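Heads up, the next two complexes both have subunit A, just with different partners, subunit B and then subunit C.
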Partner chain A sequence: MKSSKTLELIIQILCISLALLILFPIFYAVSVSFMEHREVLSKTPHLLPKNPTTGNYVTAFTRTTLGRYMLNSFLIAAVTSFFRLLFAAMAAYSFAFFEFRGKKILFALAMTTLMIPPDVLIVSNYATISKLGLINTYTGICSIFLVSAANLFLVRQYFLSFASSIRDAAQIDGCGSFRFFTEILLPISKPILVTVFISSFVNVWNQYLWPLLVTNRNEMRTIQVGITMLKDRESSIFGPVMAGVTIALIPTVLVFIVFQRKIVSGMMSGAVKE
Partner chain B sequence: MKPRKLLSLFFAFVLLLSLAACQKENQAKPNTEPPKAQTDTQKPAEQPAPTPTPAPTEVVEISFWHSMDGVFAEIVNQQVTTFNDTIGKEKGIKVTPVFQNWPGTEALTAAMSTDDVKNMPDVIQLYSESVNLIQNYERTVWAEDYLAKGNSAFQKSDLIPNAVANYTINERMIGLPYTLSSLMLYYNQDYFKQIGMETAPKTIAEMAEIMPKLVEKTDAEFGLNVRVQLYELENWIATQGSDGSWFGNNNSGRSGAMTELAADKDGSLEKFLGEWQKVVDSGVYKATRDSINDEFAAGMHAMVIMSSSRIPTIKNLVGDAFQWNIAPIPTVSASDIGGCTPSGSGLFMLNRGEEKQTNAAWEFMQFMVSPEAQAMWLSGTGYIPVNTKTKELDAYKAAVAEDSRLQIPYETSLKSSTKMVQSFCPNSGTVDGVIKEAMIAFGNGEADKDKTYQAIVEGAAKAFEEYYRANPLK
Partner chain C sequence: MKKIKSPVRKAEPYLWLLPAFVLFAVFTFIPFLQTLWKSLFIVDAFGNIRQFVAFENYAYILSDPRFRQAVLNSLYFVVLTVPISKILGLLLALLANNRRPTSVFYETGFALPMAMSTSVVAMIFQLLYVPSLGFINTFFGWKVQWLNSPKIAMLSLAVIQIWLSTGYAFVFLLSAVRSVPEEIIESARLEGASPFRRMIDIYLPLTSPTMFYLIITDIAYAMMMMSLSNILTDGGPNGATTTIIQYIYKQMAATGNYTNANPAAVIAFIMTFAAAMLGFLWEKKGVHYQ
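Up next, the complex of A and B:
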């Protein structure tokens, strides 16, 4: 009994140490965002600001239109995540519950898209978006993120964990495919749907190159592009950049805090096919 | 509180924050629109009626892509605002600045490869290494074509000669120099005094000779810190001889495509490495670069070599801690001409199909190289005004009176030979990497002079071969 408690204590200490190690750069970034320039570069490094200042945040908001960039990023991340979820759930439903010719090939084709580096397609994607007249539009930015094979795979694996007898029973009771999907399957799949939504939100929120390419108007830029405007190539003024990074972190961190339990549950459930 | 409620609250907060920030921006942002005419009721009765200025019937909107961040971006916006409020208002031109992250070519490459004229800039800021990208592009409008008309607001002779040469190909200017800086030797004057030196070393050999003394008799950990890459090496090649030397063939890409190094043929590369051996042998040379600004400011290095654009940064970091100054980089031989190659960027025009837009772009380009616009660089940046007439302005005199060091890179650039240009090196990123790797190994004593020479020559040749295999010469 005593040894198991000691083991548990060691594991807890290890977990906390690991968490602190991972969180340290984030804590330090937040701390630097409140430091004056000289303090950041002082010979003896300061972990916490001696005289906290909000000057870096003022610089971040006055040097760029950070608020507008956040709004853009938020809209893009929310809309694309919603559509990714919708398309992933619908496709996963058909791959998990229906039998049709070419099912395996179609699924394999979808999975092969995971092996193509997105940067390879960037110019052809740009050409398409440009020809459609979607440069400098939210639709243009969102278009290439609307479907994700990784999300499809995750949801399909989760759906496969359902016994087909549930669907059979629903059908016997007169429940059609669409009703089963919307009223039974989706409500009981909340953990995986939340997981997909959050992972997608974070992924799109952090996109940099594509939004930079398809926007050339300041009011259409996203937060990740905005942060690069805060840096200074000729010097080491980290304060405003760290302030920008801290502001950009807030939505993703909050979303993680709010949905943490559901994400874990979703990951575990989708991991194993029963 | 339930997660859903928390999320709703968070979304509401983000939206409020965004809207508040947008509103604040609208209040804080300098007005780039021409001021609206006052109505009769708003006009004070006692003021004489203003002379009516014929308002342009049509406003030509042009887009200017730049890659300036931080304080540099603020100055760019200030320049654009001044143009829009003055010449732009008078001639009916409105310029919209658009930030593109350094080097500013990602979006341009995408637009060029799809001939997306609608989403191209009219004017773009590019660095020397990116000139290859637009040199043979059909939509590039050569500055020389407008200069040849003879009615420009400036003459070529108004600009710093080697900055003009930097953007001249086959005797024709492709663009205009916009930002200019030069490689300089920064030295700690307090340390120099402690070893009885008053002035900066003139040659690499002199520099290598004092380095051990500086470390021995002062608090410096290293005598010199510089990471030699393409830019630094080009400077030491270009400043050799009585009138400068070419780094690459075809006058470093000015009279044809640069297809190979020239520095290995005329012996300038070998000569440099021979002298640099003395720096390496001093045992107090740091070949890598970490936080060079901060390390120099902390007194770790007696000398550092870096761009003049860092003068304000060093000034802020050092404060009153010690006296420091800058000087032209030490030459390879005492008989070398010395000077510097122009670093920085130029402005280039693209033809988006309408002549009125290229004409408007040229008006804007002329303003950006004017003494007034160039003087704006003096507030907070170490950029050298490209227009020599800036020197006559009070702003320049005041800036130099406040910090005389700003004059050194200006004078050095002004005296530099027109042979001292940055090469239009194909695959410059790869060549830069080759040189950096070889010179760090040399500096750390992991490779001797011959091995370093071989690594640079062979590495560059391979990079050129790869480039021209993918982009054959026409």
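Up next, the complex of A and C:
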């Protein structure tokens, strides 16, 4: 079977070349971020910087508020993901372990929110946030992301895999419902909670429209909005902009590479038809 | 344990639901109903109702050429991006199907764009697209006005979107392709079916539930696109890349015109909803569940 071995080798080479081609824009951005100003503007294509310099990074951090944008995004993504997870887990606990009137209707109602794209609600949500005086605040930016029906669904699926008998057993041992939730259920559900937190973090980090809408002060911008405001249509400052781009993509790309399995399996279990 | 449930006990499951449902109510259900309701009124710059006009707002924006163009642009964008990213995703998945020593590298490479944000990618492509010194034109010796020509601008945005969403499709389709039973492939191979026939006759039908899910979610997503055109073309040139959501955003943020923004939002919702319903009709006919 020598021929099939060569075929496999050829396919591998093909796949790796394709992957490099797909990732080319990222490599190019990183490469430009280390180029000198003159080199960026040259009319002949350059792939790699001749004299790599970190000058663009210095410019990006000292001449713009890139650092602040990053801080804002980190805070918003972390705090939002924490609350998303908490509220999803609480609701999932109720749906998975309790019997009560209206349970089916409430669950269906929660799932209908998946059918309404958040973008069509921005008009009303913007009015709400501005009436509450939350424009240019972290609360305002986080607000609409604080609950996610997709997360609720995922966590509920996971909770359902535990027999409700473990709760009964815990109750007989004198463990109250609240303690069962915090001391038993959450610790044993760590895998799904980590998955949900990570994918939520990437998702919130990458948001654009809502943070754009509810902020107009520069120091409240998130990285996704801020990065587009560094641009200059005359294209003379591409070096520092690409330095900003590189910094902005590092967190999500790192998180993705490290947690790829978890993120992918999390998404899949949310999508699989029951 | 008490036999009769105390009121607290009875209320308990609802208390656990409370935070999630308060948020659903405040940021999804109420705004949804409000948007529907207010779309029938003239609304001032603070979003307050002024005068009932029934469906006149709808008649107005539907006769507004800018809005009609925005609707068509959004549909055009869906047509340009959704099928190609799914086909590319499937081809990559078939290529990566067998596990090989270097699998982990190229699988990560194929999937990585899904972790990228639209604005970061937009900035990178803006550089690649610069007519005078951008990499694409200088490398190929072209003089294409990628973002400034009304005919090409939308195609250029579509390329970016395809780049962004192919990885997502790949990840899902790879797992679908890998779950196709070995015996089916083997028997087809013994019958002498070519790789192309195997793709059409075996992989396409057996991965159709995944494909269905991807297409439905991506249509909704692409229909809502506004970030690329907002960042790169500002809806131009000449409104050639203005999408529905961008129209809404501009009505609101630039002119404070909620009277037009509300019915436009309702129409955007109806369009995604209709697309999903069409999808479900197609599901009954064309999707094979094992």
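Observations on the structure shown:
Following the convention adopted for this analysis, the second predicted complex is superposed on the first by the 203 of 274 C-alpha atoms of A that agree within 3 Å, B and C clash if a C-alpha of one lies under 4 Å from a C-alpha of the other, contacts with A are read in each partner's own complex, and residues count from 1 in each chain.
Following the convention adopted for this analysis, a contact is a pair of C-beta atoms (placed from the backbone, for glycine too) under 8 Å apart; a residue touches a chain by one contact, two chains touch by 3 or more.
In this text the structure is predicted, and so the values were computed from the model without any measurement.
In the superposition on chain A, A:N218 contacts subunit B only, with no contact to subunit C. By the touch criterion stated above, A:V253 is placed in contact with subunit C alone, subunit B being left untouched.
By the touch criterion defined above, A:T228 reaches both subunit B and subunit C. In the overlay built on the shared chain, the residue A:L209 is in contact with subunit B and with subunit C. In the superposition on chain A, A:V79 makes contact with neither subunit B nor subunit C. Of the two partner chains, neither subunit B nor subunit C is touched by A:A150.
Touch criterion met: A:P25 reaches subunit C, while subunit B stays clear of it.
If you count the residues of subunit A touched by subunit B and by subunit C, you find the higher number for C. In the overlay built on the shared chain, the residue A:P117 is in contact with subunit C alone; subunit B does not reach it.
Touch criterion met: A:F100 reaches subunit C, while subunit B stays clear of it.
On subunit A, the surface patch touched by subunit B in one complex and by subunit C in the other comprises residues 41, 43, 122-123, 126-127, 131, 209, 212-213, 225, 228, 231, 235, 255.
Residues 37, 41, 43, 61-63, 65-68, 70-71, 74, 122-123, 126-127, 130-131, 135-136, 209, 212-213, 216-218, 221, 225, 228-237, 240, 250-251, 254-255, 258-259, 262 of subunit A touch subunit B in their complex. The touching residues of subunit A, when paired with subunit C in their complex, are 8, 11-12, 14-16, 18-20, 22-23, 25-26, 28-29, 32, 40-45, 86-88, 90-91, 93-95, 98-100, 103, 106, 109-110, 113, 115-128, 131, 143-144, 146-147, 149, 152, 171, 177, 202, 205-206, 208-209, 212-213, 224-225, 227-228, 231, 235, 238, 241-242, 244-245, 248-249, 252-253, 255-257, 260, 264, 267-268, 271, 273. The part of subunit B that touches subunit A in the complex is made up of residues 3, 6-7, 10-11, 14-15, 17-22, 24-25, 28-29, 63, 65, 69-74, 96, 98-102, 106-107, 109-111, 113-114, 116, 118-119, 121, 291, 293-294, 297-298, 307, 309-310, 313, 316-317, 381-382. Contact residues of subunit C toward subunit A in the complex are 1, 10, 12-14, 16-17, 19-21, 23-24, 26-32, 34-35, 38, 46-47, 92, 95-96, 98, 100-102, 105-106, 108-128, 130, 132-133, 135, 138-139, 163, 166-167, 171-172, 175, 209-210, 213, 220, 223-224, 226-227, 230-231, 245, 248-249, 252-253, 258, 261-262, 265-266, 268-269, 272-273, 276, 289.
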